[in-house]
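Chains: A, B, C and D, in written order; residue numbering restarts at 1 for each.
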């Protein structure tokens, strides 16, 4: 709840968005695994992005934690559906008054899937190795505040921090806090051994990963005997698989809902932090000119874009502050759809018809090859054409997009979903790909962060308002977490709070 | 016979294709027209249908340069996903664009891709084939070997490689398809050239001390022109299909340009609820491919009887 | 034979150089792509050293070639995994798909094409010829999409996609493979039908068929005993070409039916800029094409005594 | 309906012997038009009847109608009875199948394509046997070998295992005859069975046909365009023109006293008279004779060797020498593979000798020093190793022009006749001696003149080759060859692809032009009669060697080499009869 958000985890977040969009679950129509009382005990989940391996300590991407976190690996604390921090492997914990010492009391009777008992030694080993063995060092920054971890006894662990950090506790609820057996060789982690209710039973690369439920999980036998993740990149194919009964559950985007809604499926709309951002390169012309950025904000009918790109699902935002943030304020009306105003602003900036003695504006529009992005882009091009802007779409595969746009800042305008929580200030770092000059809002935000909670909220609102007026990028909408599933499936977690696709409560009602 | 025996293995392929079917490299519909030479001076149904269909596509393309019912790129000209109506003949797509206008403009793009791809293949492939056919020594063999290496790269594969290397797009796709078709043209040109070079009129021209250049220009080219035209037509259909497939894979034309293949790909998710979105581009592709294939077949039937005189 | 094998090697060598050259023109840094944005410069350097992308291109080419000779496709730039088992697995899928589709195509095309030739003046001939023309013109992904839409989604007869290896469950394999094979096979059938028809028509005009009839064979007998084998010669050529085209052309159908074949792997790798995977897969495809052509040539020699270099009997 | 000549004998009485073939009022047509207008004739058992006519007369259609092998788009009406089997035209294909190959059979013109290339010839013969008899496979095999023996194939057991491409044309035709005879048919139809064969082979095949037919007492319907063959082979002749029988009767009577105008023309055109040239024919062939100008063509010890795969060679020329004096009409006679075409190519500078010297019009085209190593690796390409300079070569080509055999293939179908004929003039070297050919207008006038000279209509220059008949096309070829006023004209089988009546006209034209324009004529031909008709001197070639040469009449009257004798004996003439 109180973590600061200066992590550069965009890449991971984007990939998560991809993965979740195509996530679907399904049942085999042929031989459903049926348990006592005729209730099915298996689910096949189809997911867009496949893990390249099972080791998120060395490999980036959201696909691995999506599969393994909470399901195979567990953490001391867990982020619940409302973003709260709740006990998991730790039954309770205390924080010292200066906020630098945390003492965790571990759950007893927990075993790893290979039968080893879970003790404090595993926690110490796992936390220590984040610093020493994880290759993804930028991601591990939140753990850098850890001074040392010690086992007070078999079921008590004390973590000492250099300085107080609210974010740290939140972070050990994510993959950074995953508990591995102390004995495993971190350099050769080819299989995933955790304390969670499921184990990886089978991997067919390019097609599926099968999890089976543990009978000996500390919380009792897993509700499902078998969970299969099927990897379907093409969203249409995923929808077809659901409609053909090959899968039961589908994490998808809003534009896919319409044809499914008249069929017999439950549609669950949950919260996410996924703001779809039309990003401008503020460093270069024409977007170094505020009038151009504002003109674009007026020119684009965001409601229409949301209608087309996500079938009307989503929330219009004025800044990258979702309604779940404490400092949320509805700024979506700041730039209403007004093509005439857009043309005026463009003309002021010197762009327009050649006949009017102005320079026609041409924009290169680099779009990652992801459904929502290309669809939105196509409509935006039409809207821009109406105000005399000629935007040319170039579709880039995501890795190329990362390299060219995100890394080398070689772009004019792009579009991508940012799914990290509290990412307002992250995105506005001057060395970030937007290249926003935060010399004004930066100190304001820092001051707000240092103050009381009320000062923090008020300060951040002011910051958000200032930023919204500057339009460093145009927030098109907040995309919901959408799940379509067989109506008999229960225990689906609607909100996307971490990368994990939490299956621990998933079961059939009939 | 000795001709064939002289060319064992891979080279035999040339011998046999020259005599039996058209070159193996010409991947698609070559064959039908190799059929009986029942050329009647009157109406030739294949040709007529082919000409009609191709004319339809060309007319749509030409008209779309000056006029379409609506701006094919403009969103919001109608209720998104609306079905066909009197104002929007083929309905409206998800962006609220007029599908009929997009199909018309798509014809332009399709022809553009086809013309460029076929031109690249013909402009490079035909000279290679003619040179290889006229100079049977080392340079000719090398040229043919070179183009045969390309034979191992189907157009689609080339397009994927080029797309990965230079970025996907219409330009990349049509260049790749063009290069991929070079061996087909080279082989057709070579087998035709060999046939012409065996003819007595070339012997007569050589006896009259005409230069190789003059022989190629005055004797070979006019006499293999029919073969080339047929190959162009067939490859045109192939290029249209391949472009559609590439756009379908997301390796072809970038949005919002109205590519039929991409329209088909985008329509996929609305299949069952808004079938018109798939039908319009699907039928357009079929008409274009069918048209060019029939045109090629018809031309072959019409042009071949005179070519027989070459022997 | 040695000459043929030499050609095979030469073609592959040139193709490998082409592939390597074209793909190393690619912009972007393989290490960054593989490790993502969170990687430190040290990690990147380590990766480059590990994958050898910091060495001169000629050395990299040599290593790649040497690996291929040992049957080693290298390690994926993206996942770091050994590509060999993955590629072999995918090849299997594609080969099964292509093989079954070809079988279906031939089962349709040979009878229909022959019939169309024999009845080329009657309604049947016109219908078959017209049908095959139409079949050639319809993109196979459209067929696939329609099949999914109707057979899987509306009628719920067969799965909409996916792949179960025959070793796992034969019935499931058949259920999953049916629609892709139909989508790929019927369009191929249309193409091959046209070739069969023209080859048979060609043969029907041959003098030896008339000789056979003058000797007392019925038209049908003459065609079966003398015609089809002669028509087979050009048809084999066409089949070879079509297999080559299908190996890569299958990618579209693989996409529609979520079948993970070699083509899909290639497209995915290309999109993920996994250069190592792309160049190895492309070369594998090229090798397959070249080998198929080689086999076609051999078959051809087998079928046609005129191509055998054996000394004459008389 | 039969417009038979009044002198035809009355049809034999059917009651006595069942005729092998009776054709009555046979009409064949497409839906659009009738091609055969009700013809009638008979072939008695054991009788040999010639069906003669020029291309397009309908003779092959007749044969196919009898066999029931007409194309689907052709319909036949009338009556055809074969060996007592009545009314074949009314029968279904399934009924006819029993007769074909058993009661009636047919030998086709083109032996190269009439056999299934993928099956052994013995099996193909055996197949016909097994179709019509109950015997087993082994019996059929044996019988096939017997038949192959009977048709005179060497090592018949081995030959039966051969594929068609391993046999020569004559051998294949023998196989086809064996197939036709396999079930002792009552009627054998031979459709131009020897047209594709060499003269000496033709003679042996005809002998064979006559022999096997006689042995079986079968009727033979012998279809040909060549009156001389009919006169040799047949007892009776039926003359067909444009789908109508214009005359029929005993060969002796018809040929001695033709009633119909067409038959008379045909006969006149068929008998080529020997050339009688008082000036040269008496002179012994010798270029050393000081009274004569130096030869315009001189070949000295010329050899030409072509490489074959596997390091083997074919020696097309094995060292020939000959000289041709200016103004001479020189005939080069030989069968296929004799090297006459190679000689011609060497003369025209289109090829070069492996060793030896070729001198044409004072230019030496090649000397001996040829690198043998180079020779073995690649095919020789023209222009590669000429010793003569390009200018000299150009002069040769200006001085020596060619006329080809095939009137269809020797003219570019995409060019107008005017351009075809004028093309040699585009080469400045070719018109060096023709000052009036510098401008386009002048060249056009030259083309017009030469077209008139060869007897083509005024508008010919604007038309395309396919608008002309075979004979006219050959005239175009001659015009093209002569437009540059060459000193030598080499004509390669100029009339062998033409109908008899046209043949005579083209030969006349050549003779007339040679006199008028005073060029040296080199005529290459397989036909001794044609050469004898036109030439003063001849050289007889065989297997790359000149076996005999000298003044035409001398060689003709008293051939010294046995091959010349054989050739002369094999050459069909009207006067010779086999029976």
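Just so it is clear, contacts are C-beta pairs under 8 Å (C-beta built on N, C-alpha and C of every residue); 3 or more make two chains touch, one makes a residue touch a chain.
Since this is a predicted model, take the numbers as computed values, not measurements.
Between B-C and C-D, more C-beta contact pairs join the chains of B-C. Greatest centre-to-centre distance from chain C is found for D, with centres as Cα means. Once the centre of each chain is set as its mean CA position, chain B and chain C turn out to be 20 Å apart.
Inter-chain centre distance (chain A to chain B, centres taken as mean C-alpha positions): 46 Å. With centres set at the average Cα position, the gap from chain A to chain D is 87 Å.
Residue positions of chain B touching 2 or more other chains, listed in rising order: 1, 5, 8, 268, 272.
Shared interface positions of chain A, i.e. residues touching 2 or more other chains, are given as 369.
Touching of two or more other chains is recorded for residues 149, 153, 233, 255, 270-271, 273, 304, 306, 309 of chain C. The complete set of chain-chain contacts reads A-B, A-C, B-C, B-D, C-D.
Within the complex formed with chain B, the chain A residues making contact are 235-236, 239, 255-256, 258-259, 301, 304, 307-308, 369, 374-375, 377-379, 381-383, 385-386, 393-396.
The part of chain D that touches chain B in the complex is made up of residues 165, 308-309, 348-350, 378-379, 381-382, 393-394, 397-398, 400-402, 404-406, 408-415, 420, 423-424, 426-427, 429-430, 465-466, 477, 480-481, 484. On chain B, the positions that touch chain A within their shared complex are 73-76, 80, 94-97, 167-169, 250, 254-256, 268-270, 272-273. The part of chain C that touches chain A in the complex is made up of residues 27-29, 32-33, 35-40, 43, 76, 78-81, 86, 89-90, 148-149, 152-153, 156, 159-163, 172, 175, 255-258, 260, 264-265, 268, 270-273.
Listed in rising order, the residues of chain B touching chain C in the complex are 1, 4-5, 8-10, 12-13, 16-17, 20-21, 24-25, 27-36, 145-146, 148-149, 151-154, 156-157, 160-166, 237, 241, 244-245, 248-249, 251, 261, 264, 268, 271-272, 278, 282, 285-290, 293-294.
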